[in-house]
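What follows is a set of structures for review.
You will see subunit A twice below: alongside subunit B first, and alongside subunit C after that.
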Partner chain A sequence: MKTGVKITLLLLVTTSITSLLLGTFIAVMRISRSRFLRACGTLYVEIFRNIPGLFWLLFFYFLFPELLPPEIGAKLNGYLYYPVVAGILGLTVDNASYVSDILRSGRLAIPHSQREAAISAGLSRMQQYFHVLLPQMYRAALPPLGTRMVHNFKNTSLCMAITAPELTWATQQIESLTFRGIEATALATLFYIALAGVMITLIVTLEKILKIDISSITHSRS
Partner chain B sequence: MIKFINTNKWFNNRHILKNINLDIAKGEVIVICGPSGAGKSTLLRTINKLEQIDDGEIIVDGMYLSDPKTNLTSLRAEIGVVFQQFNLYPHKTALKNITLAPRKVRGLSKKQSQERAIKLLERVGLMHRKDAYPVQMSGGEQQRVAIARSLAMEPKVMLFDEPTSALDPELINEVLDVMTSLAREGMTMVVVTHEIGFAQKVADRVVFMDEGEILEVGSPPDIFLNPKHPRTKEFMSKVFHIPVFGDAEEE
Partner chain C sequence: MHVIEQLSNINFYLFGSWPKGDIGGLFLNIIMALLAIGISFIFGALMGYSRLSCRIYVKYPCIAFIEIIRSTPLIMIIFWFYFFLPYLFGGSITIFWSAVISLCVYAAAYQAEIVRAGIIAVPKGQMEAALSTGMHRYHAMGYVILPQAFKMMVPSFVSFFVSLFKDTSVTYIIGVIELTQTGIIVSQRQPDRIYTAYLIMAVGFWLVCFAMSHLARRLEKKIGVFDLESIRPEACRDEFMLLPKKKKIGPGMDKEAYCDFTDTKQ
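What follows is the complex of A and B.
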């Protein structure tokens, strides 16, 4: 059970970060000037959002090692924690597709005049993104982004299907080994509720801290 | 400093800049006026290529805008722009709005850029607002910060696109005062505005535009009090709420 909590936390923290990074990357592709990059980004979102997350977990667990050169594939299959790695990969690609779409909607909330101001100041495209656009994208997208991250947290339980020893898997194990399923499930439930609660509190606090900026984004849209 | 040569621009078959020829000298203050839709803002925005022209040439500080070798980013760094809607970065405080470009584009250190920003905030009378976010400031304060932000780049030219049109009447003067002092210091300025009083006081030349065309260029008294083109006459009579100048003699 303790390991289960640890692995769940590990999955949560890693995939939150990786999916945020990958999602940002895809979102920037989808709002870029290049038609090719935009098409790639859209293709990514359509593929990964329209196929269930569980499928991607199974894909990375069973299929992915087969697609690699045999030596590497065999090594991966033999690796004790490969289920966790496959879980991280699967959850990341799945969550990133949603994150990128949420961020893209955040971009649409930023008036074009913000870019004009950044351009006129002589900022390069990279600088425009890093200092002007992305910070505002995250702020505008924060409420749905927070919900998505809680969703991703709950999705970590899917990793039990690929034998990653996270909390839900551990609960199952306790049930089948000791028949004390009710106690284990009750504990796991409490843990999920508590951690999701903590996440939501953090997000709401962050929203409050950044409220100044968000209200001004809508304010200056005119 | 800025030279328009036979500049044309179309937008979906609409000819929005018609054969513009204009030469703006260093240190000159030009006010562009005319009715809405005349192409004033478009003309202003072609100077730093926020709007692309389709024909002709614009030369800014010796650099040809149509030349692909012209480094647009560094050209833009030399041209300050003040917008109607201020366009401050809403997620940054007044101070950080001002220090961003000098640090990133000019490569100033944090300390240097802050010293410069504080001097400029003092100049526009907003030192006490340095840690305020845009949404916490009045329109007039935001616009003064926006001017300070542009000045922090030490530009060679300042463009003002209807800088007071979005302001409450009582806040207009605080912005115009800053602009006037800037003009007195010899800054090259191109200003699109309906503030006739400001134009009369500060402008070296006034450009009157209508339907994408420059109809008349002259000193403020020439354009405002003694316009030659019938369209200018009509416009001025409406602006000043007095009969068309030709009729004034009857009174």
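What follows is the complex of A and C.
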């Protein structure tokens, strides 16, 4: 159970970070000027959003080693922690599509004048994104982003389908070994509720800290 | 020829072993999602409405239920209903129905939030106008507020349906023969068909979800107010709370009548 909690936390932290990175990348692709990049980003989102996360977990666990060259695939299958790696990959690609969608709608909330101001300040395109657009995108998209992260946390429980030794899997092991399933499941459920509560509180606090800036943005828009 | 051979068991993916045995496959996913959303709508709407109530013994149980279910993973809910409900209360229940019930419980909490956000999104003036024409507040709710609220809720319902449809794939863990399960079964019995199995799984889910999410987007453009992602208590309070925080009750107005419609977080 202890290792279960550890692996769940590991999954949560890594997938949050990687999916934020990947999601940001896709979101930037989707708002870029190049039509090709835009199409690629849209294709990614359409594919990954419309297929359940569980499918991607199974895909990365069962099919992905088959698609790779045989030597690498066999090595991956033999790797003890491959389920965790597959879980991270699957959750990341699934969550990143939602994150990119949320960030894109966050981009729409930023007034165009911000971009113009950045250009007139002589920033390069990279600098525009990193110093002006992205921070504001995150801030504008924070509430739905937080919900999504909580959702992602709940989705880590799906990793039990691919035998990643996380909390839900651990409770099932305890159930099958000691038949004390109710206690274990109750404890796990409480853990999920508590951590989700903590995450929501953190996000709300973060929102409150950043709130003043949001109102100033909307003010400058009108 | 090869392709046809690979696709020879497409019926299994779509309907399971239906004509001879139990129904399954993609069709079962759709049935489960429809059943769950239909049944849970009743409870969800009731809870969403009672969450706005001013009576503590109505409001707080609803809030507790909604928040607990919303922060528990679906798998956990499924386990509770599958393993422990028969254990606690005796009797047995088929896999399918335990899956549907747990999906219902899960969906009810989310639907309650959708309904609540929809009711809050209707401007306060509507209620005032209805009350000032002499309607009872239940009539005002039924004839004035809810019709407008439901209209705004439709896109969220469709996109929630998409997400619920995707979540039905989770029931594979307790052994419901739905699309994911059929894919796994085929790929384990015939390892040479593993690519086709996964491809069909992906295409099956993708087609339904893509069609539905396009419908949702079109409806959103037509009606559009908010999307599912933004529905949660904090966001609702900040963005959709168009009402003043303090109760303003004019002379001669029924205090009860206003109660439902002012800020419930006292």
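Just so we're on the same page, the second predicted complex is superposed on the first by the 222 of 222 C-alpha atoms of A that agree within 3 Å, B and C clash if a C-alpha of one lies under 4 Å from a C-alpha of the other, contacts with A are read in each partner's own complex, and residues count from 1 in each chain.
Note that in this section a residue touches a chain if its C-beta (ideal position, glycine included) is under 8 Å from a C-beta of that chain, and two chains touch if they have at least 3 such contacts.
Quantities reported herein were computed from a predicted structural model and do not represent experimental measurements.
Visitor: Answer with first, second, both or neither: which of subunit B and subunit C does A:13 touch in the superposed model?
Guide: Neither subunit B nor subunit C is touched by A:13.
Visitor: Counting residues of subunit A in contact, which comes out ahead: subunit B or subunit C?
Guide: C
Visitor: Of the two partner chains, subunit B (first) and subunit C (second), which one does A:102 touch, if any: first, second, both, or neither?
Guide: second
Visitor: Can A:63 be said to touch subunit B (first), subunit C (second), both, or neither?
Guide: Once the two structures are laid over each other on A, A:63 reaches subunit C alone.
Visitor: With the two complexes superposed on chain A, say which partner A:202 touches: subunit B (first), subunit C (second), both, or neither.
Guide: Touch partners of A:202: none, neither subunit B nor subunit C.
Visitor: With both complexes overlaid on chain A, does A:113 touch subunit B (first), subunit C (second), both or neither?
Guide: So A:113 only meets subunit B here.
Visitor: If you stack the two complexes on chain A, which partner ends up touching A:53: first (subunit B), second (subunit C), both, or neither?
Guide: In the superposed model, A:53 contacts subunit C only, not subunit B.
Visitor: Identify the partner contact of A:43: answer first if only subunit B is touched, second if only subunit C is, both if each is, neither if none is.
Guide: A:43 sits against neither subunit B nor subunit C.
Visitor: Figure out whether A:21 sits in contact with subunit B (first) or subunit C (second), or with both, or with neither.
Guide: Touch partners of A:21: none, neither subunit B nor subunit C.
Visitor: List the residues on subunit B that touch subunit A in their complex, please.
Guide: Residues in contact with subunit A: 48, 50, 73-74, 76-81, 83, 85-91, 100-101, 104-105, 133-136, 149-150, 153.
Visitor: Please name which positions on subunit C make contact with subunit A in the complex.
Guide: Where subunit C meets subunit A, its residues are 68, 70-76, 79-80, 83-84, 87-88, 162, 166-167, 169-170, 172-173, 180, 183-184, 187, 194-195, 198, 201-202, 205-206, 209-210, 213, 229-230, 232, 234-235, 238.
Visitor: Considering only the defined contacts, which subunit A positions touch subunit C in the complex?
Guide: On the subunit A side, the touching residues are 46-47, 49-55, 58-59, 62-63, 66, 98, 102, 143-144, 147-148, 150, 154-158, 160-161, 168, 171-172, 175, 181-182, 185, 188-189, 192-193, 196-197, 200, 204, 207.
Visitor: In the complex, go through subunit A and note every residue touching subunit B.
Guide: Spelled out, the residues of subunit A in touch with subunit B are 111, 113-114, 116-124, 127, 131-132, 135-136, 139, 210, 212-213, 215-217, 219-220, 222.
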